[in-house]
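Next, two complexes with chain A in common: one pairs it with chain B, the other with chain C.
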Partner chain A sequence: MSAVSHREAASGGLWSRMSLGQKQVIWAWSFLAVPLVFYVVIRFWPTFQAFYLSATDWTITKPAAFVGLENYWRLFEDPLFWQVFRNTFMYLILGTPISLLISFVVAYYLDRVRFMHSFIRALYFLPFLTTAAAMAWVWRWFYQPVPIGVINDVLSSFGIPQQPFLRSTSQALPAVLAPAVWAGLGFQIIIFLAGLRAIPVTYYEAARIDGLSEGAILRRITLPLLKPTLVFLVVFSSIGFLRIFDQVYNINTNDPGGPLNSTKPLVLMIYQTAFSSYEMGYAAAQTVVLFVILLVISLVQLRLMRDR
Partner chain B sequence: MRLGHMLASVALGFATLASTGAKAVEIEYWQYVFDTRVKAMNQLIAKFQEANRDIKVKQTTFPYADYQTKVAAAILAGQGPDVVQLFYGWTDNFIAGKMIRPLRAEAFPVAEIQRDFFPIVSAMKRGNDYYGLPTAVRSLALFYNKKAFKDAGLDPNNPPKTIDELVAAAEKTVKRDGSGNIVSAGMTLDMGGQDHQWWREVLIRQFGGAPYTENDTKVAYNDEAGLKALTFYTDLQKKHKVGQAGFMDEGQAAFRAGLAAMTIDGTFRLGSFGTIKAFEWGVTELPANAQGVRSNYASYFANAITTKAEGEKLAAAEKFLKYVSSPEAMKVWMEVVGELPARRDVALTPENVAHPVYGPFLKGLEYAHTTLFKDEAAQRQVAIDMANRVLIGGEDPKTSLAKAAEAEQAIIDRAKR
Partner chain C sequence: MKAAASPPGLVMPHIRPGRILAWTLLFIGGVIMVTPLLFMLSTSLKDASQVYDLRVIPEAPTLDNYIEILGDGRFTRWLINSTIVAVIVTLSNVFFDSLVGYTLAKFRFRGRYIVFIAILSTLMIPTEMLVLPWYLMASQFGWIDSYWGIMFPGMMTAFGTFLMKQFFEGVPDDFLEAARIDGLNEFTIWWKIAMPLVTPALSALAIFTFLGNWTAFFWPLIVTTSAELYTLPVGLSSFAVEQSIQWEKIMTGASIATLPTLIIFLFLQRYIVRGVMLAGLKG
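Right, the complex of A and B next:
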């Protein structure tokens, strides 16, 4: 209060001549300005800097020179970029539907379980709380060949030939994806459960009285009413899989994204270009491409959501 | 009473500040965090300051992962160290960024450096100038599990001397289960570890080639020798089946666990292998070829003077660099860190050469090569991928070698721009 009266005296009545509405607006904006300025400085300014950097050949030690679109041409001619591009979309195309399907099935049945419901839910949620790095290391050892790899030990005890998993160009990506899906399940199950609980029980009761089968109830009532939840989870997990990094990096630290780049996502390529080869300009160009991909996908998904 | 006490101590503080400010020059020394390295440097700084009471050295350390970025950012901002530790492979980068300065020939005569140090320090030389000097160097050797040798009926005191003997010993020591899966390797295959250095600077030369020409700016291994070297390496898994890339995740992990009879690694692994309790191990020189040709790969962190050091700080920095490259400092470094002295006469004492662990590494230094990497991680990746294309993809070694040569040349060319 005293601050206000000081200001009144200092600004010679300008403040007092304002209407209550104007004062409220000023107050509101002065509070809003703090996070806004913070956001502009921390988020938007570096983003614009990245756009500028992507047109230079800055390498930290050498001064930056403007090279126009050269970094982008180099990127489009780089076979590694296209492989990484494919990998990134493989994570998305495999990861999102599989994780949503599993988590929906688990949530759907868990919703009906009364016995130890919260305990089971907690068990599913546990992996979500674990750090990706620790998890990736444990899975890395699961996938080892005999004598120490748990999965291969089981396989060979049944007489099945051992699988190379992380040492195979075709099996490595699904092998890296599995722990990532598993880790995300807990979160998705909780969201699905909340969505299921939000559907009024009366709908189900009415449907049962009308003699609808369980399958029909699922198709006609549960799924349509779950759509907002579903859209949220699709957008959320899509962005997650497009930005996958820590799982991939930690499961194969000696040859990150290997073998033969078969598991390398775009974010890992950016990281290596920037902080291993120090080609900041080239890395910035890759970042801009990732930014555009994320933007397009998010816009498409939001558009789909608006159509409903 | 308390106020008076405080005032007195403040006054005393100012007085000492003023007096040391007038006399002592303070220089900053930067290196990355590694417990024993920091400890050794603290001892060296204490001894140096005792001998040079007018110089104060402040040591700053960073995690290895951020090291290069932080040094670059600090020096470019006019802050940071006067004397800095850098990996020899970063030298080009540091020179291009005007971060380090050539050593003045008056303070560090070129002829003396060439006479006293191992020839590998030439990797710090550009034109006629040296840009830094190492305290200690590292080289490679063959570690072998004496227990595994004994169990396989081999003499644990007579490790393989040639690469043919290496293959033979690996074939004897490898263990497989009923389905033919390796359960204990004879020899580790780990390109991501030190094997890429072994392949590049040792095997290629032993098969009659050279990895690079023109100061390591032209890839030269895409020939008969390179092909033989690659085939020899991949045959360890494909033909002899004595090891498997990715077995136990890393070669050193397999050896540590007692599940590999032999592995190639560097001096920097001694600390970790020193804690092995389950079996006795030995070290021997990297095996020669049938004609007795030997080679090795050596590397080091050098200390250099930055462009920030001027005037009296430059003089102090030169004194300090001289001290940390002196025989006395090298002895301390060897005792505390376990790395080999970079000066010939300090390293090659009869006592050191006869040492069961240091001896093989030291002998390797005499004929070691030091690759002038442009981008070590990327060039290593080329070797990893080259082996993987053959081992996983089943590609013909010749095609894989040609691809590797092309990819590595592109990395080198890009760095030159």
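Right, the complex of A and C next:
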């Protein structure tokens, strides 16, 4: 009994002899202990593993053997990859400017509207809360020919000929992109609204006293002061469009990425290589390429936007 | 006088025709935005014979589709799976992201900066790149087809940690010092003193994490193979494939997947919009 109390006294003594700073250090590392294990095991280790796997011929059935850069050479010689590469950038090049233009215009005018402001804002925001996999089916239904498809039904009532949409290699990609743009608008509008509110009122007052027109105020005050918001949204939505998957996979389940691979983005190619063909090493090389694309695009955009 | 003191949006000297036109166009745009949702809901209330009737208000609305689909048990199971996954991952993020964010914001110790940079750097790594190693890990440890298998990659996020760190930096040190003098231990100080001061950020983090996991498709599709363990989006996708062209059934499934978040929004609109703004501006 005395031994126990002695030990308690000793450990208590050690703790009480520590300075506040030393105690803080121990507290800090004990708070970080579990999260650090998580980040090492679930983030850092898999990152290195992905690079390693991309240099192997790992499939589900046979053990991985080191093949160097072979997967990358194979990928760069694969015509499907270049088709997919082009599609992925089409999603980016169409999706980012279109969605940012629409959301900025809506936010710019919505910011001035008081009557039913939060109701109208809610109408634009609701699609953001939907599940992409579910909405792809709703849009897929919209794109059907008459008498099922709503869009073709509206077109025919105006005497416009039927459109093939998802059945056409040229129309399918924009048709798949539309629900992605639609679902993302609400988020972008809310962020633009927050950015617009952050601009000090005094700037506008000064500009009005100087007699600037509304257009000049927009160009010289609103847009320049909105730049941090714009940079964030450009990078954020670009990454989103480059990683598109849920909509593409669900809108054409008979032939995901079809017709004739005309809508297939890189993430879908990765999924099919890994989980339909089971060529895990080859798929890992594709994920590394995706990583490089995302990194380069983000860095280029940050650089361009900062300089201007 | 009043106009000068309010932001430009509130300056309304007189109602101009331009204003009315802008309002009308915004309203029409808003209605177009929710049209897909309206069609989805209205078709889910039609029986098979009315599906080709494209009126938004069903002539003879019926809940038969819901009764049939929820009655066969699979959707109920997927609803429960999605709820369990989204709630546990959200709680985990609220706890750990804020604990780490707080430690990085309020403690002074060697290695703090390195830990911060290391966690932040994981933001650059896209999920897709980690999916194959995660899949390998899940198959080795038998996590395929388990809740833990669906949840483990998202239990903590660098985004949430960064967001919480930003907010904890705004908590005055004096508060924490006063608690220290009162003899509270550091865990209690964090949980009882600091956490209540950042509730707006916590709700933003919770909203984003819940929504992200509720709608997640890519990873649950990979890590679940039996219908028992599907989450709602994956289950809906497989259900829709097997229904082929029974659109009223598919729209009912899509409504079941979508309605929970829409209903939550109706009750929490202010918090959700504020949360998105906070996360977007600080994140």
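Side notes on the structure shown:
To be clear about the criterion, the second predicted complex is superposed on the first by the 272 of 308 C-alpha atoms of A that agree within 3 Å, B and C clash if a C-alpha of one lies under 4 Å from a C-alpha of the other, contacts with A are read in each partner's own complex, and residues count from 1 in each chain.
Simple rule for what comes next: a contact is a pair of C-beta atoms (placed from the backbone, for glycine too) under 8 Å apart; a residue touches a chain by one contact, two chains touch by 3 or more.
Not measured: the values here are computed from a predicted model.
Once the two complexes are overlaid on the shared chain, A:277 sits against chain B while remaining clear of chain C. By the touch criterion defined above, A:141 lies against chain B and chain C together after alignment on the C-alpha atoms of chain A. When chain A is checked against chain B and against chain C, the one touching more of its residues turns out to be C. Shared-chain residue A:61: touches chain B; no touch with chain C.
Once chain A of one complex is fitted onto chain A of the other, the partner contacts of A:19 are absent, as it touches neither chain B nor chain C. In the superposition on chain A, contact is made by A:258 with chain B only, not with chain C. Contact with chain B, but none with chain C, is seen for A:166 once the two complexes are overlaid on the shared chain. In the superposed model, A:157 lies in contact with neither chain B nor chain C. Shared interface residues of chain A (contacting chain B in one complex, chain C in the other): 141, 147-148, 275.
By the touch rule above, chain A contacts chain C in their complex via residues 20-21, 23-25, 27-29, 31-32, 34-36, 38-39, 42-47, 49-50, 53, 106, 109-116, 118, 120-127, 129-135, 137-139, 141-142, 147-148, 150, 153, 179, 182, 185-187, 190-191, 193-195, 197-198, 201, 204-205, 229, 232, 239, 243, 245-246, 249-250, 253, 267, 270-271, 274-275, 280, 283-284, 287-288, 290-291, 294-295, 298.
Across the complex, chain C meets chain A through its residues 4, 6-10, 12, 19, 22-23, 25-27, 29-31, 33-34, 36-37, 39-40, 43, 51-52, 54, 96, 99-100, 102-103, 107-110, 112, 115, 118-119, 122, 124-126, 128-137, 152-153, 155-156, 161, 180, 186-187, 190, 211, 214-215, 217-218, 221-222, 232-234, 236-237, 240-241, 245, 247, 250-251, 253-254, 257-258, 261-262, 265, 269, 273, 276-277, 280-281.
Per the touch definition, chain A reaches chain B in the complex via residues 57, 59-62, 140-141, 144-148, 156, 161-162, 164, 166-169, 254-255, 258-261, 272, 275-278. By the touch criterion given at the top, residues 68-69, 72-73, 76, 93-94, 96-97, 99, 177, 179, 181-183, 190, 192-193, 244-250, 259, 375, 377-378, 381, 384-385, 388-389, 392-393, 417 of chain B touch chain A in their complex.
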